[in-house]
Amino acid sequence: MDKGRVEAFSDGVIAVIITIMVLELRAPVGDHLHDLRPVLPTFAGYVLSFVYVGIYWSNHHHMLHLVRHVNGRVLWANLHLLFWLSMVPFVTAWMGEHPLATAPAALYGFVLLVTALAWVLLQWTFLRLEGPDSPLAKAISRGLKEKISPVVYLVGIAASFVWVPISLACYVGVAAVWFIPDRRVERQLGMR
Amino acid sequence: MDKGRVEAFSDGVIAVIITIMVLELRAPVGDHLHDLRPVLPTFAGYVLSFVYVGIYWSNHHHMLHLVRHVNGRVLWANLHLLFWLSMVPFVTAWMGEHPLATAPAALYGFVLLVTALAWVLLQWTFLRLEGPDSPLAKAISRGLKEKISPVVYLVGIAASFVWVPISLACYVGVAAVWFIPDRRVERQLGMR
Amino acid sequence: MDKGRVEAFSDGVIAVIITIMVLELRAPVGDHLHDLRPVLPTFAGYVLSFVYVGIYWSNHHHMLHLVRHVNGRVLWANLHLLFWLSMVPFVTAWMGEHPLATAPAALYGFVLLVTALAWVLLQWTFLRLEGPDSPLAKAISRGLKEKISPVVYLVGIAASFVWVPISLACYVGVAAVWFIPDRRVERQLGMR
Amino acid sequence: MDKGRVEAFSDGVIAVIITIMVLELRAPVGDHLHDLRPVLPTFAGYVLSFVYVGIYWSNHHHMLHLVRHVNGRVLWANLHLLFWLSMVPFVTAWMGEHPLATAPAALYGFVLLVTALAWVLLQWTFLRLEGPDSPLAKAISRGLKEKISPVVYLVGIAASFVWVPISLACYVGVAAVWFIPDRRVERQLGMR
C-alpha cells in the first residue's frame, strides 16, 4: 500500500486549514489605517498558527520521506492528527478576538498539546510498521523536542490562569524551536 | 484511462469537505470556558462527521488500490458519491444547532443513507468494469457491512421521530463498525 | 513542460469550487422539515451547478489525456477557464435566493456562456500546440455540442426576460446533453 | 529530497487562495441587474487579484521546473511566500469595499510588495542550493521585472496618498508586465 495518496490527502487538508484561517481576518468596516488595529491580534494569532501548521506540514513531509509503507492504522493515526490540526483555525479565531483572556489562551495551548500528542502517536504507529532498525527509528531516536514541547505547552496552559503573556511566550517559544527544520532527519537522509 | 486523477480530485474534494466543516464552529462571543458550552453539540457533530468522511476517504483509498481502470461511468458514480458527501457539512451544521430535534437528526441519517447507497453504486460501477474475477470482486464478495449499514440508518431515521438519542446511537454505531479499516481488502492485498 | 501540475492545480481549484458552493446552503433557523423549504431553490441550483462543474472537470480530464504538452499560453487559457468557473458559486447563490427573478437567471446563463467560450478557447490553444494531426484534433473535429451549447445559453438568457422557467429548462437541457461523457474522446482513446 | 510534494502543497494552497476570494463576492440583496453595481469594485479587485495569484502560480510552476532539489530552507521560503499570498484575499476584500480609499489601496500595494520580495527570497534560496551554473541561475540572470516591480509597487503605495487611481494603475501595470509568461525560463527550457 503506497504512501502517495496519504501525502496528497494530508497536503490537501493542511493546505485548506492554513488558508481558510485567513477568512477569519475580516476586512475592517472603516477605511483608515487605524481601523486595522482591532484586526492586529487576529493577524498575530494567524501568523503564529500559520507557522505551527507549516511546521507540522514540513515535519510530515520529512517523516513520510523516511517511511516506505502505510497501513490502516497509519491512515487513522494520520486522520487523527489532521483532526486536531483542523481545530487550530477555531482556537486561533477565539484567541484573536480575546487576545489576553485566560480561556482562549488555555484552549489554544490545549489544542497545541493534543496535536503534539497526535504527532507522537503517528510516529509510534509508523515505527511499529517500519521496525526498530528502520531509517525512521534512527532519525527520531533522540527526539528531544518531542519530549520537551508537551511540557512547555502544559506550562503555557497553566500560565494562562496567571498572566496570559507568559503562556503566549511559551507557544511562541516552542514554535521557534521547531521552526528549525528537523536536522536529524535531513542528516539521516544524508542531505547535508 | 488512468485512475490517478480520479484519486487526486476525490482527495481534493474530501479534503475540502472535511476541513470546511470546522468553519461551522464559530468562536464563542464570551471569553470564558463555559462560553464553549453551546459549541459542544456542534463539536460532537463535527467529530462524528469527521469520522464518517474519514471512513469514506479510507475506503475510497482501499477500493482504488484494487482497480486498474476508470471510465466515464465511474467518473460520474464517483462525482455522485462526492455530491452526497458534500452535503455532510450542511446537515452537521443543522444538527449541531438543534442537537435533539427530530428533523435535523432524520435528515442527517438520510444523507448518511444516500451516501452509503452512492458508495454501493460506485462499487457496482467498478465491478462492471473490472469483471467478476477481479481482485475487487473477491475483496467485496461478502460485503456484510455494506448490507447492514443502510438498515441501521433507516432505523436511525425512524427512531428520530420517537427519541433522537436512539438515532444518534445508530449513527455512532455504524461509524464504529466501519472505523475498523476494511480488513477484507487489506487481506486481499496480502498486507497482513 | 509537463502537464501534471496543470492537472493538479485545476483539480485543486475545481475541487474547492465544487465544495465551497455548499457553504451557501445555510442551516435553516427552525428545526422542522418545512424549515428546509426556503433552502430548496438554493439546493436545486447547487445540484445544477455541481453537475456543470462536474462536466467541466470530466471533460478537462478527457482533454488532458489527449495532449502531451503545455506552454505558457495554455496555462493562461486554463486559468481563464478556472476564473469563469469560479464565478459559478456566486451566480448560483444569487439565483438560489431569487429563484424566478430575471437578472439572476440571465447572469447565471451569461456565466455559463462565457465559461463555454473559455472552454473552446482552451481547446483552440491546445490545438495550436498539438497540431492538426494530433489525437485531440481528431477527437474534437466534429464538436457539435460545443457549437450548440452557446446558442442554447443565449436563448436561455433571452428567455429569462420573458419567463424564467424557460431559461432554467435551457440550462438543465445543456447539462443533460453534456452529462453523457465525451464519447468521441473515449472512442479516440480506444476505450470502447 | 524531491520537489513533488512542495509543488503539490503549493498548488493546494494557491488553489484555495484563488478560489476562496470569490466568497467575498456576496450575492446582492436585490434581484435587479443594477443591484450588481455595488459588487462591481469587489469584482474588479477579484479579477486583479486572480491575475496576480495566477502569475505567481505560473512563475512558481516555471521555477520549479528548473530546480532539482529542495531543502528545509526552501520549504520555509516557500511557506513564507504562501503566507503573503494568503493575505491577498483579505486586502482585496478591504479594497473592494472602499474602492477609492487611501489605506486599503496602500495596504494592497504593501502586500504585493512584500509578496514580490518573498518571491525574490525564494529565488535566492533556490539559487544557493542549485549553484551559479544551474539552469535556474542562467534563466533569471537578467531578472529585470523582479527589479522594477518593487519600485512600481512603492510608487503605487505613495500615490495612494495623493490620488488612488494612480496607484491602481501601478498595480494593473505590473500585472500586465508579468502576465506575459516568463519567456526567459521557457527559452532556457528550449521550449520555443
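In order of appearance the chains are A, B, C and D, and numbering begins at 1 in each one.
Note that contacts are C-beta pairs under 8 Å (C-beta built on N, C-alpha and C of every residue); 3 or more make two chains touch, one makes a residue touch a chain.
None of the values given here were measured: they were computed from a predicted structure.
Both copies, chain B and chain C, contribute mostly unmatched positions to the interface they share, with under half of the numbers common to the two. For the copy pair chain A and chain B, the superposing rotation over Cα atoms measures out at 90 degrees to the nearest 5.
Annotation: 26 Å between the Cα-based centres of chain A and chain D. Computed centre separation for the pair chain B/chain D is 37 angstrom, with centres defined by C-alpha atoms.
For chain A, residues touching at least two other chains, in rising order: 8, 12, 15-16, 20, 23. Against chain D, in their complex, chain C makes its touches with residues 1, 5-6, 8-9, 12-13, 15-17, 20, 23, 71-73, 75-76, 79, 82-83, 86-87, 89-90, 93-94, 96-98, 101-104, 106-107.
Against chain D, in their complex, chain A makes its touches with residues 7-8, 11-12, 14-16, 18-20, 22-23, 25-28, 31-33, 35-36, 47, 50, 54, 57-58, 61, 65, 179-183, 186, 189, 191-192.
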